[in-house]
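What follows is a group of structures, each given as structure tokens.
Next come two complexes, and both contain subunit A; in the first it sits with subunit B, in the second with subunit C.
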Partner chain A sequence: MLRRDLLKAIPASLFLTGFPNLGITKNLKDGRLVVINLEGGMDGICAVPPLGDKSLRSARRDLLINENLQLNPFFGLHPSLKNFGTMLSADEATIVHATAFPYTKRSHFEGQNIVETGILTPFSSKTGWLGRAMEIAGVGGRSLSLDTPLLVRGNSEVEAYYPSDMRGSKFPDSDVLDALKSMYEGDALETAEVLQRQINLSLDAPRLRDPEGLATFAGKKMQELHGPKVAVIRVPQFDTHANQGTEDGLHSEQLQVVDNVFGALKSGLGPMWASTVVLTVTEFGRTIAQNGSAGTDHGYGSACLIAGGLISQAGIVSDWPGLKTSQMHEGRDLNATIDMRSVCAACLEVAFGLEHNEITEKVFSDTQVKRIYDEIFS
Partner chain B sequence: MKSFPKFEKVCLIICTSIAISSLFATKAFANVRCIQSFLSETVFDPGPVDGAWGKKTATALQDYASYHQLKLKTKIDRKNAESLCTELTSLELKSKEPSVRRFKVNITLKDLEEFTGRKQIDLSQISVLDELNYSDCRFTISRQQIETKRIESLAAGRFNIESGLIKFGENSWYTGGLADGSYLIDQGVLAFSDDFKLNGSIPYFHLFVSTGEIAERPLQIDFSESKEDETWAKSRKNKYWPKVYKFDVDHWQTGMIKLRCSGN
Partner chain C sequence: MNIANIARRIGLGDTKVFSKYNDISEGIEASLNLPIKFKGIPTIGGKLEDWPSEQEYDLDERIKRLVKRRANEDSIDKKKLSDAERDKARRANWRKYSVDEIDKYRFFHAGQYADNQIKLRLSYFWLNHFTVGAKETTPQLISDYWERVIIQGLDGTFADLLYDAITHPAMLTYLDNIYNIGPNSPKAKGCGSTAGQASCVVGLNDNLGRELLELHSVSPSAGYTEEDITDCAKILAGWGNIFDKNGWSKKPSDFRRPWDNFQSEPGVKNVLGQKIPSGKEGLRVLTDYLASHEHTKRFISLKILTHFCGETYAVKHVQKLIEVWNRSDGDLGQIHNEVLHMSIQSNEPVFLWPTTWCFQISRITGASIVAGFKEIGKDNMRRHVVDAGWIMSEMGHDFWSERQPNGFSDLKSDWISTEHLDRRIRYAGLMFDHGNPKHNVEHIIDEHIKSEELKVKLSSISSKRTRFIATMCSPEILEV
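So, the complex of A and B:
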């Protein structure tokens, strides 16, 4: 079994929540918010390459991609992001570049915790920023998942409900496959490999528990009148320390999954797409220079992809820090010049109509978080 | 007193002037270097930090000032390097504050088509038959296997025509999986042009699914090159309907859409 197949076998997850509490829901905006959590550290320089920065070519000689979509004279878009590119051209998407949650220690565990809690001291909060915002907006209730993710946990209890009609994953659990293979030898092992080959045969067909299927399911549920207002979709495996690849590499495949999720959400949401904002979050970006094994290591600044009908003009929101050694964070990473909490605050503001001051005070417990709503949504 | 010979006098004058001018030059060099090293910390590239004032240094400084909307008190010129350096140094703290800006995105239709590999449907390029309005129409989509000639229904439903544009309504696909009526409603872009020809594109689920679970993503069928099926055109008794278009799908099947509205 190839490592790549094994990685694919780790399933994505979907969490739908924010059912309107009838009678409690404040008279706020009736928007929908989807967070796509890119676990492992998404490489913003690969997804939205600063082609106009001369330092890019020398830093990434084995990872350069030629078939980018030219967004403007400075920035390009990765070829896997075809749906997202179409949304950009239709003014339904925007990009925030050189952004990160202000966390610089490069640990997945701490970083992911901060992405979910929105509080800068890791493991200091038992609730997530989205959960706290939902409480203020008066949307809460059930979570469509086996466990409730930290991101959407608030102070009040959240019921869990798992839809039994969500069938089948294209990829069986990797542990199950390994356990099966370890039990057999010789001919029997061949049988296990035949099983794997049969699974590989239908690689292109989406099933409901794959990210694309989950996104369609999420979109359809969110379109309903009393359906959920919030969804969280996890896309793992962005941690490409080795053999990151170019157009066909592992990182590109994961970006393809993200792009399919964007496309499926749009078609699933139908007319509700007009009232939706979808954003990606990740714990950190990756190093500017490639490492010795044609991969990239844990970094700092990354890019955030935002889409949805609530966007009025496409653009790249950035205070571009540059790629020269003197401009890097600690001489190795893309610097983050935009606090990702500002981006999340702008999305909460546009989807739920919450006031920025209320968000900074009650959701992020930090009144210093700047408002960049106008740069993203005006 | 022994006087210097003439040659030595000349040499002394030259050497003194070189020394004085290099003293000034060193100062100018330091000032230009100060400007360049300031700019090299920003995204505006002044070229090498070598103390030599050139076009690159001037352009980078100009760009930096306009990007940050700074009104420099000093004119950007080699002669003013000293005061420019002082001014920039006093700005240094301020310039470290984030300055978030929205860069424009400008994607051409040609680039997008090349990037996505999909033809973008732009109905603004055709002259739409504005006076065409119908409120009760039905359509069927079917396929024919090339080898066996067997015809199978894939989808059926309702649509309206509003000022020449087709608005898909309630419809369903028989192909299973992720296929459902929302695809045609959201992504079907069809219109009749002045010559009563169909233009635009629809999503088309080209596979049946036995387990009701898997479906391939729909293909995009583009009608801009397709012609109305002549057999149907000749056989119709009504002036306009049915309109039938056949389209190529793959080596195994051809597709067909049949449109029919009631009334004239």
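So, the complex of A and C:
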């Protein structure tokens, strides 16, 4: 196996968004919602292995993890997910397995676009499902990153946060921004306005840009009375075509990052954790069989990890499709028996108090999306 | 469109280059036929020189250094050292044999100073189309890929460029093809009962095969199937065995086109209905077929027109470029010539990538905050940013970064955010505070800003610093 580069840092981005819009008086729940976007295709079979499925061992002989935590007689949990495991045992987490956005063509870029827009025709929407839901719930406000993720586009004001580290540079001053505002229009104008308001905000931002540091910062900000209600954290590099590895392999390292993010969010949120739901999304799972380079290729169904105080009982929500060739999608991938849009809808319902019918109609533009709120949150 | 706008729309903002020719067309044609001359400054504020040859590395030298770096790493690991000592030794070893830091300076200096701004601009488009990001050994190889495949490829056909990009060791590593081994290859057969053990993990890895279809050529609009992707992976098996996994001891005869029959998949393959023979020649048959595919021509014509002419214009005029593609048999010189002329005809503003903007404002103001080639890695750098790689990374536009193979977006909407605006303002501020601008801002406003209203607004700003930053971040400089 090739070793990893010594000097490599883990890139990640954080987006804080959804500051309360004081002009809207809709009486909604005051929940917090965090989406962790696992880019590249997270392997649900590695994170939450179906140890009771007899077909698993032969398909994954070089990738099996020996020291999984046993969740129930059928499912285990990857040993990197220790914080998440603790949350499960405290009834603060739950798992949805064999789920995906209904997209089966295995392209990262089409798949990621669907994960963010929530619309099943790739590249057909300029706004994201989370952005649209925030607009309806009246939490349209700001977001904090280097770019503005598509996921939260579609609400009126978006602010990015990703601390600058340009040595010797000065924070944009108000005169410059006044000048730019007089020249800009549209999105650029809004961006300059938001940036100008940011100048007056506290500059207590951490210089760290690792996922864990950003998650702690996100949690702290979300704890504040007029702080953001929504955060998006992006964790890339799940595309382990080669050397996916076992306990200390690439996928395990990525899951460790995810677990750290869960832990940091909880500690950052403090008492607000009780009103929070955090969920992971990914564009697809990975092939059941390992490929020629001890990795896995693009698949279909995966697992979704959910945590937060809004969960009342831990569990695994799954309609397990099985791993026999005849049971797999096209004979090679974990089938998805739960539509990920239903999972997102349940989280929007619990955090913002939106009604399911409104979510399916206005957020996902598809009234066929089933309600599985009770299975996850009751 | 005046000459200053044209120079920024199709190049990096130099207007004097065009004065050597009778008209813009002649300037474009001449540029497309001339090489890029790499230049740089030895120290901040120093005089322009040719880039020093001792800071250029060919592929053999790059590979030699990789091998040496790896061997030293192994011996450091074997030594009895404390964790801190080991980290220090590994870091020193890494620095000594890695060349990517120097490469990034060469890239940045080229953007600010090299001759042939038009070819540079085109090379950024193609470097992004055939994205290679940081993965394993690729940072050491990216400059070779840019200069020897992409830049030299501008003079050839799309078919040549496609084949050369796919077979470069940087691409083969970035998209995991170095791990793609035919399941019926001689190697797999030889494994016998030891199959599955570390030294005998064999089988397909479809990462490059998939992106070859999706991103590099026909795009999903061609409606290819999973079987087409698998057969692409089979054709690619055998390409990329650059290093022996265990010790880099095996050296294939040619790093430039690393092919190993031992790992290749026998048999005829079929991609989109086209039969592809086995062996090394199969890949060239495949890439030639893909290069001439109708969906490839349309997909790439749209993409390059979006980049240089704007999204709406691209959709409306794509057929015109496809015709040039057909007429010229995919000759990039002729395609580029048409694209650049179309760019001048289009009135749609085009948003400039962050580093393109950095290079342009350096060229039009004469300012620079990047260290010279004699100062690279020196500890006596001043407090403000002078590191080329760091600037590109802070601007969110670093060709050496870890990123997805679809590369940087061509759409303005993906680049509008408070943080991106913050970086532009900071960078323009640094250029004013420390970059020593040589040209008068009044003159720049006069030359580059078309809108009378905007001219008045900028000229009426009383603070010199604010006027400089506002001009560089004005809508007509951010996009053109």
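Everything below uses one rule, namely that the second predicted complex is superposed on the first by the 315 of 378 C-alpha atoms of A that agree within 3 Å, B and C clash if a C-alpha of one lies under 4 Å from a C-alpha of the other, contacts with A are read in each partner's own complex, and residues count from 1 in each chain.
Going forward, contacts are C-beta pairs under 8 Å (C-beta built on N, C-alpha and C of every residue); 3 or more make two chains touch, one makes a residue touch a chain.
The shown structure was predicted, so the numbers you read here are calculated from the model rather than taken from an experiment.
Looking at the shared chain after the overlay, A:298 reaches subunit C, while subunit B stays out of its contact range. Among subunit B and subunit C, the chain that touches a larger number of residues in subunit A is C. Using the contact criterion defined above for the overlaid structures, shared-chain residue A:105 touches subunit C, although it does not reach subunit B.
Legend: residue contacts after superposition of the two complexes on their common chain; A:320 is shown touching subunit B, with no touch to subunit C. Touch criterion not met for A:31: it reaches neither subunit B nor subunit C.
Shared contact residues of subunit A, touching subunit B in one structure and subunit C in the other: 167-168. Residue ranges of subunit C in contact with subunit A, taken from their complex: 73, 90-91, 94, 134, 136, 176, 179-181, 183, 196, 198, 201-207, 210, 214-215, 220, 226, 245, 382-385, 390-391, 394, 396, 401-402, 404-406, 413-423, 425-427, 429-430, 433-434, 454, 457-458, 461, 463, 466-467, 469-470, 473-475. Residues of subunit A touching subunit C in their complex: 1-3, 5-8, 11, 39-40, 61-62, 105-110, 126, 145-148, 153, 158-162, 164-173, 175-177, 179-180, 182-185, 187-188, 191-192, 194-195, 198, 236-237, 239, 241-243, 290-295, 297-298, 330. Interface of subunit A with subunit B (complex): residues 53-54, 67, 69-72, 74-75, 77, 79, 82, 85-86, 88-89, 94, 167-168, 202, 204-208, 213, 216, 220, 266-268, 270, 313-322, 324, 326-327, 337-338, 370, 372, 375-376.
Subunit B contributes residues 40-43, 45, 98-107, 109, 111-112, 115-118, 120, 178, 182-183, 185-187, 213-217 to its touches with subunit A in the complex.
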